[in-house]
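Provided herewith is a single structure, encoded as structure tokens, for subsequent inquiry.
Chains: A, B and C, in written order; residue numbering restarts at 1 for each.
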Amino acid sequence: MSTSLINDWGEWLPRLWDGLLVSLQVTGLSLVLGFVIGLGFALLSSAGSGLVRWPAILLVEIGRGMPALVMLQLVYFGLPGVGITFDAFPATVVALTLTTAAYTSEIIRAGLRAVPAGELEAADALGLSHVDAMRFVVIPQGLRIALPTLMGFAILIFQVSALAYSLGLPELLGQAYSIGAATFRYLDVLVLAGLLYLAITIPASWLVDRLERRLSKHLG
Amino acid sequence: MTEPLTSPARPILSIEGLSKQFGDHTAVDDVSLDVRPGEVVAIIGPSGSGKSTLLRCINLLESPTTGRITVGGIPTEVDGKVSQRELVALRRKVGMVFQSFNLFPHLTVLRNISLPQERVLGRSRAEADARSMALLEQVGLASKASSHPPRCSGGQQQRVAIARALALDPSVMLFDEPTSALDPELGLEVLSVMRQLADEGMTMIVVTHEIHFASDVADRLIVMADGRIIEQGDPKTVIDDPQVERTRTFLSAIRDR
Amino acid sequence: MDHLGVVLGGVPTTLLVTATCFGVGAVLGLVLVTGRRSGSVVVRGLSRTIIDLLRGIPPIVFLFIVFFGIGSGAIRLSPFVAAVIGLGLISAAHLAEIYRGSLLAVHRGQFEAAQALGLGRVTTYTRVVGPQAVRVAIPGMVTWAISLLKDSALVSTIGVAEIMSVTNQDARSSGSSLTPFVIAAAIYIALGSPLAYLSRYLERKLSLKGAR
């Protein structure tokens, strides 16, 4: 029985591998796009003017408050209702980008706030402009402080990408589910898919832990 | 150092009627003070006496409630809103050294000193770096140029902070308890840099608890309490023979420590 | 069409799934954190592996393993039971890590003082370290409850009739497809924001009290 399981796994692996690549693609794209938007929102939501700050904070809270599954289905099944139609792949990227933007905005904002006030005072006392102080002092350090949390979030988004199976995207879980439906060997194929996810997430979280420890030593 | 447009007789820094309110609390109460070029003024006083707030008002890190600050003959009225341009103009002429150093930990020691020169004075990188290296030489830290601040001792960081402020060629240097966060032996290396600076003719205002430094280096000692100057004069005279009861109590309290 | 009424109909089930999974996770999390701090290397390694696996696998994949993999074979699991097992175990792993972090936050000196006073291991945990750790753990636990509320949307995929599930049906059966999703999003935000507020409030209040 165990040899047949290994044979089956060997047979399924190429399809799951293709699925994994799709998972990694949507994750990577969403992270890059979402991070850029998130940085913008982090700056807007730390702005001095309430007129800029509050709308930004509101949008971020909406993005963080709704489940990623709702975001995905809203984009894929909901937006066609108002004439905006996406294929599964772009729909997934749009939804995960928005989710990433909302979460990373909050993570970066916390990082920016963690930069000691004394350094801003020093920048002021040296006569640096506000823009220069943000650009040379606050943003580089804020991003560094936020880095471990951002990487932890990247792992989370990789996990969340599995939800795109519900849009019919042939990513890792989608592939596993359709093999399961065809063979009725759900447990075997899902466990294999789970192991593939773990093969990415567990080493990645070790890396994050190590990075966190190294950075806290440097900045401490 | 160059001091154009200012004759030795005229004060390089003049504070008139400066007050700072925090809600109901008056932290600085109608303080006036003239500082001559090259003069070293030490300010002492119990905690909460307003000495740090006064210092922070001089370069507008705190905006004073009322008063006028004149640096190098250019007055800034601080009653109303101070414009961004006035603010930068004033801060350019006034250097500040903080109790907690406030170096930028992600930049090397050299970048800490060069970056403000490039951004504020528009110096080229090469120009700025040359000036930075000369100053690092002066504070005895040329070998630390490419280190990051967290890798330096507190005393070294504070000397870098002094160099960073000097690099912008200020007319006046403010020191806010520069040795309070340091172990005594590390404080000494900072004090020796400050002493050297005083000898070279830098105008300095130093808020400090170091009574020996005040007595040896300062030209004038100011005692503050409750936001006011309660006594001032030649440091040795004030220390040996204080005229005001509160000065006497304060001096004996810090001597007993 | 009364989209709001339909979608609101899923709220009780969402809350029930969230609360049950949280309860299961809170208790099993204690077991896992005890294992994680055990004197035995084997128990410690095993607990750590379980925690890492449960945290590393996407929740939806674990839910499918429980429902389609295990629950459709020899044992039959109802969607609700599968949901509680799946999200309950994942919660246990996350809460165990939160407990562990809060125990680490209690100063070593507290353990040493308790030992020096001759207090036993159990008394040390229940009377000295535990109460201090709980204070540190509570904001993190509330944050996990918010995540769990949102993750409960996943159980729609195995047929539990909560918010997401009734939203999908409504969207399919009615002509307008955007409205139900927008309503669902609003409901999740409305359910989550008091918890988010509570978490922030507790964090501020407890950290002030805990400060020396």
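Convention: contacts are C-beta pairs under 8 Å (C-beta built on N, C-alpha and C of every residue); 3 or more make two chains touch, one makes a residue touch a chain.
Remember, it's a predicted structure, so these values are computed and weren't measured experimentally.
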item: Chain-level touch network, classified as line, ring, star, complete or other; value: line
item: Most widely separated chain from chain B, with each centre as the mean of CA atoms; value: C
item: Geometric centre distance via CA averages, chain C-chain B, whole Å; value: 53
item: Rounded Å distance between chain A and chain C, as computed from the means of their C-alpha atoms; value: 20
item: For chain A paired with chain B, centre-to-centre distance based on mean C-alpha positions, whole Å; value: 47
item: Residue numbers of chain C (touch at least two other chains); value: none
item: Residue numbers on chain B that touch chain A, as the complex places them; value: 59, 61, 88, 91-92, 94-96, 98, 100, 102-107, 115-116, 119-120, 148, 150, 161, 164-165, 168
item: Touching residues on chain C, where the partner in the complex is chain A; value: 52-53, 55-62, 64-65, 68-70, 72-73, 150-151, 153-154, 156-157, 164, 167-168, 171, 176-182, 184-185, 188-189, 192-193, 196
item: Of all residues in chain A, those that touch chain C in their complex; value: 61-62, 65-71, 73-74, 77-82, 158-163, 165-166, 173, 176-177, 180, 186-188, 190-191, 193-194, 197-198, 201-202, 205
item: Residues on chain A engaged by chain B in the complex (per definition of touch); value: 116, 118-119, 121-129, 132, 136-137, 140-141, 144, 218-220
